[in-house]
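A quick write-up on the structure given underneath.
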Amino acid sequence: MLRFIFRRTLQMIPTLLAVVLIIFVIFSVVPGSFISSLMAEGRNATNADVMAHLNAQFGLDKPLPVRLWDYLWGLLHFDLGISYRTRSPVWDVIEPRLWPSIKLALAAMGFAAVVGIPLGFIAALKPGSLFDTSTMVLAISGLSVPEFWLGLLLMYFFALQLGWLPSFGYQADSIQHIILPAIALGVSPMALLARTTRAGVLDVMNADFVRTARAKGLTEPRLVRSHITRNVLVLILTTLGLQIGSLMGQAIVIEKLFSWPGIGSLLVDSVSVRDIPVVQGTVIVIVLWFLIINMLVDVAYAAIDPRIKVN
Amino acid sequence: MSDILPDPVLSVRDLRIGLGKQNEILHDVSFDILPGETYGLVGESGSGKSITGLSVMGLLKRPLEVTGGSVFFRGQDVLKLGSRARRRLRGDRMAMVFQEPMTALNPLATIGRQIAEMFVIHRGMGWSDARRKAVEALESVRVPSPEERVRSYPHQLSGGMRQRVMVAIALACRPDLLIADEPTTALDVTVQAGVLELIAELCTAEGTAVLLVSHDLGVIANMCRRVGVMDRGRLVEEQDTRALFENPLHPYTRGLLAARPRLGSRTLARRGRLTELDQVVTAEERGRDAPTLTTPRGFGLEASA
Amino acid sequence: MLTRLGLMAALALGTATAALAQDATPKDGGKFVFTAPYGGSITSLDITATPHTQDEIVAKAINRSLYKWNSESGKPELDLAESVETSDDGKTYTYKLREATFHNGDKLDADDLIWSYNRLADPKKALPGAEQMLQIAGVAEFQAGKADHISGLKKIDDRTVQITLINLADPGWNLMSNYAPIYSKDYPEDQLASKPNGLGPFKLANYVPGSKVELVKFDDYYEEGKPHLDKLDIMLMGEAAARDVAFRNGEIDANVLGPVQYEAYGQDPALKDHILEVAEVYTRNIGFNTKIEAFKDKRVRQAINYAINKDLIVEKLLKNKAYPAVSWLPISSPAFDKDAKPYPYDPEKAKELLKEAGYETGLKFSVTATPNESWGVPIVEAVIPMLAKVGVEVTTDPVEGSVLSDKILSDNFDAYIWSNSSGPDPLKYLTCFYSKTSQTACNYVKFSNAEFDKLIDQAGNETDPAKQNDLLRQANNLLQEEAPVWFFNYNKAVMAYQPWVHGLKPNAMELAIQDYEDIWVDDSAPASRK
Amino acid sequence: MRLRFNLAFGLTLVLVVVVAAVSAAWIAPYDPIFDADLMNSEMPPSWEHLLGTDGQGRDVLSRVLYGARVSLTVGLVSQLINSLIGTALGVSAGYFGGWWDDLVNGLTNVMLAIPSLVFALAIMAVLGPGLPSLLIALGLTNWSWTCRIARSSTLSLKNQGFVQAARAAGFSDANIMRTQILPNILGPVLVIATLGIGGAVLAEAALSFLGVGIRPPQPSWGNMLTDARELIRTAPWASVFPGLAIFTTVLGFNLLGDGLRDMLDPHMRTRRA
């Protein structure tokens, strides 16, 4: 198992390298610069000398290949560079955003799983029923709403009209604050999970071994518990993993809307002021999260499914 | 006649199965199986023999449903039982072995657990006791080194081994009736005989009646004492095995026998299903609403040997 | 028209339209939850490292500068100095510093000031605040590397410091800047961004990057009896719709309003009595790049000013959260001409002018614009059909803020729409249209007019404020006539606040910059604010 | 039952949107850009303006109709690009194998790892807002699933009799890929593309929210929604209708894609029968 994890970790390196390269190239041709963003408000004209000094300080006067080399060399030493904007190490900028982001991703996924999986399960137990049809129409609808629109509606309804929940913000120890953004972010994975679960349960329910289990005289609860659940889990694990893995990147819009101090909003802010080292850093974090989650999913597969060998 | 015969274990009376209420696909099927008897149901694929077996077990899946008739098991009409009582019978008093050993076992559970489950459900044993019984059950179906095998997963076993495991599960609680639905069809020829012998031997030893569903006349001839021939949802003929082979009464049966491959091309017979009977028997001959042609049970058990 | 003139007169005094009830004596204690509305995060807690208003909102609570902006009088006044003496030539100022304590317990002394200003001007550090140091003698040499410190800063004794300037302008305008605060020389520099140490009324308690800054009262703050508040939370919220919900929900105590909310709050009886308005010193405009042939012609530039119904745009899109612009200088500017009238909406006149200039048809240009609702793409969208009616085809070039300034500074645009500082110091901001001012400084449209230059030269050498203002007024009117830009509006900043909040000031420089030490909450505040 | 419903309902919704987009110029009562009457901005729905007017005084109905063009163009073209890239890479990788396969696989993994919204945001930052940029940004960032499916299908098809036979008969590789393999993977690719169209329409809205979408004043549902989000209390119609339009369209394509999948997947079909 450890060897598997080690190997998978090594396999991440080329992917990460490619990501770094792509982002580096894209943002080396992007119009606008951090220096120009200093003046974006149109209020404080910045001294030309200051700008030149800044350029030199960030090494922006060096040719592109040199900058790339410097960056990669730094990465090799786990150094993400210095943020243009805050002039502190990129990691110091990213680190405080990490936990809120993970929390939001997990909360959204928790919501998606707790609602989506049972919905899909129940729908599949009576395929074609009213419940099934309405659940599935609801699921497809959930996949069809623009996220920020949904977030805004939730905000107006639950925070303002009903006054049940705070509308924005982050509180380290507050569950209330995470509810609305988690729901807004979780609706689409919830819908996906409901559909995948339903399809998975139908698949398993129609499997021969379930007929065998019935022929053995199992009660329905025992049948579901000891034969269906695990097999369905195997089928939805991929969806589950892919969703958790990509949630950190998908959260951009919701994080911005709800003033959530996560990686996504940091990314958007950094793009808009052209704080390229932070952009690089956040993308690396987002991609790493995806890769690590996927590795964990594979490990989980190996743990659940004896047919899969990790080595 | 029934007064000189023992009470049947299973008595199917005018069983009708439909796709919903309208489309009847099984028409008034009736037959009896005596204790310890091996009864064969033969016919083309789609003739309704498998769903007959499933309906006895109560495993018909929507939209299939029983629309009429009765199924007496040990004198009791199981169709009138509640689902709870019916479930209690399943696995305990009547058991089933399916065609596809590759998929009939839960891929994520050890076979030991899957066998042990029978003792837990029906005998109320703890898991550790049940597991010990599972080793015995595996041993009885002649799976080598059963202590190790109980820890194996289905994918680690060959098809023949898996079917032996299925037999072990089915016979774990010593049922009164075993329904074997094409138990060897998916197996290699070389292991077919072994599995069939195993079923015959264990059932004879315990006095278990067997309903053997097969399209393979060879298997039927070797295993069964009495045979029912099904065609398009009807039981067209029922005779003792020897009588059937010697003197088929129904044109369809004659066609079936005629379509049987000649000696020496047995491998082909296994592959090619009996699907082109229309060329041998005309639709007219096969008839529509005729009653089952039947001869009374003969005595003596030589046919089952 | 009459009412508007009356309104303007009131505004010319530099006061707000909404009177704040300052009836009771301030009450100590409690908590105020403020918002920093210009984005979802701040750059740094070290204000010297950033030029953004968003950061200034936080820095105002933590730091103090030598001067401060008095929003009531509209002038800079001494803050960290008790007194100042000016030399006879008007270029040397001697300050007697106050007794003040930094958050870490250090006492303010002359060395702190000298160290802070040297640091700001240090070219190796490349700090935006260097801009504010340029007036001090010796900074140029220091920045060029010819000196290792600023020669114009001299310590007389621990509490006395002497600053020599290169010109006669009041140094208060530069040294009041919140971007040029006084730091403690003994405090480790690398801590400034995470654990700021200032002289301000509040000290940092907790910072959640991308979310909020929590501050607590600094007990040793130098002003007696201030601050009133025990706690100050600043929420970082860029999304206006979200701020609106939060304010109505009572989660934040003050909300800088956009046009839509300005209208809605004004109509809401529960909210309309607690709105603070001020004419800010920003002029929104569409600048015409004179590298485009047509824009070299004054008639074309005037025609565009005639062709756009700016009153309607201000009314409908900005919901009257702005004052239609006359010329460059804002209403509150001392050089603003109260008799000048803005370009009227006159499409016929515009057509005529365009015909004269030879652009009856075929004039086509794009406007580079950010998404800003008050001076961005939505305004251009409204302009497009209006200009289409006089035969001018306009397209949008939507960009982010950093790209807008980049394009303008690199002369890569036809026209832009922007919001630029135009006060409070009229000379400084009119100099932006001086022909020798470079495009990268602030003459973005490369305006060049000999007559205008002459007026600015004269004003620069004039020491009598009244005469100087008169010259600047003439320059400003000339600018209107020349129309180097489409004069759109002067911002009206609006802030809504909860009824229990007192002490907010109508700051014309930037309404979101408040003197936190004067804010207090009364007994009607909910429990969460006590 | 569900199969028919999905397919029929989805197809109906999509057709409605297509018709709206194609005939926008004829059925829209006003010009979506130039008929802006600021005097009558934020007017509620009336006979004159069936869906009301927006903050700029433009007819919401006309803009929703014209917006359908943009949204459909974005959805269809970007998915077409994605499908072409994904199919070309997937089929060639599966067919030729070797280093090319490794390379494509690696690239696919990279594309999967970078969230497409992040990638699209970066591309939009480079190209600037506008329809062409949007088509490129969304067209280059969402082909990994198509590629995976195409590759795995090709791998299994490659060893089947008819492909082997074609190879034995001396057909060229290109010919085999075109005539033998492509027709067999068109189904799944079509399903992914259909579902992807809905995703692209949503992505357009998200990018608009982040400030990089269609170049105003051209109407797109995303920027209509974004522009009107603050009017949600005072002029809800200005955001509700473009929101509904997005919802309807995406729902339509999702249902259609679902229906197509059920229809094309023989495994599912037999189970339902």
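Chains here go by letter, A, B, C and D, matching the order in which they are written, and residues are numbered from 1 within each.
FYI, a contact is a pair of C-beta atoms (placed from the backbone, for glycine too) under 8 Å apart; a residue touches a chain by one contact, two chains touch by 3 or more.
Since we're looking at a predicted model, the values are computed, not measured.
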Chains contacting each of subunit B and subunit D, listed by label: A
Point out which chain occupies the most central position, where each centre is the mean of Cα atoms. A
Using mean CA coordinates as chain centres, what's the gap between subunit A and subunit D in Å? 22
Using mean C-alpha positions as chain centres, tell me how far subunit A is from subunit B in Å, no decimals. 52
In whole angstrom, what separates the CA-based centres of subunit B and subunit C? 90
Inter-chain centre distance, subunit C versus subunit D - centres from mean C-alpha coordinates, in Å: 44
Can you pull out the residues of subunit B that are in contact with at least two other chains? none
Interface hub residues of subunit C, defined as touching at least two other chains: 241, 399-400, 403
Where in subunit D do residues touch two or more other chains at once? 125, 128, 211, 229, 232-233
Is the way these chains touch best called a line, a ring, a star, complete, or other? other
Can you name the residues of subunit B that touch subunit A in the complex? 57, 59, 87-92, 95-96, 98, 100, 103-109, 117-118, 121-122, 153, 155, 166, 169-170
Which residues, counting only subunit D, touch subunit A once they are in their complex? 1-2, 106-107, 109-110, 112-115, 117-118, 121-123, 125-126, 128, 198, 202, 205-206, 209-211, 222, 225, 229, 232-233, 239, 243, 246-247, 250-251, 254-255, 258, 271
In the complex, subunit C touches subunit A at residues 38-41, 43-44, 49-53, 123-128, 130-131, 134, 143, 179, 193-194, 208-212, 235-239, 241-243, 245-246, 248-249, 251, 282, 370, 399-407, 409, 418-421, 440-442
Subunit A - residues contacting subunit B, complex: 207-209, 211-219, 222, 226-227, 230-231, 234, 304-307
Quick one: which bits of subunit A touch subunit D in the complex? Just the residue numbers, please. 14-15, 18-19, 22-23, 26-27, 29-31, 128, 133, 136, 140-141, 143-149, 152, 156, 202, 206, 246, 248-250, 252-253, 256-257, 267-268, 271-272, 279, 283, 286-287, 290-291
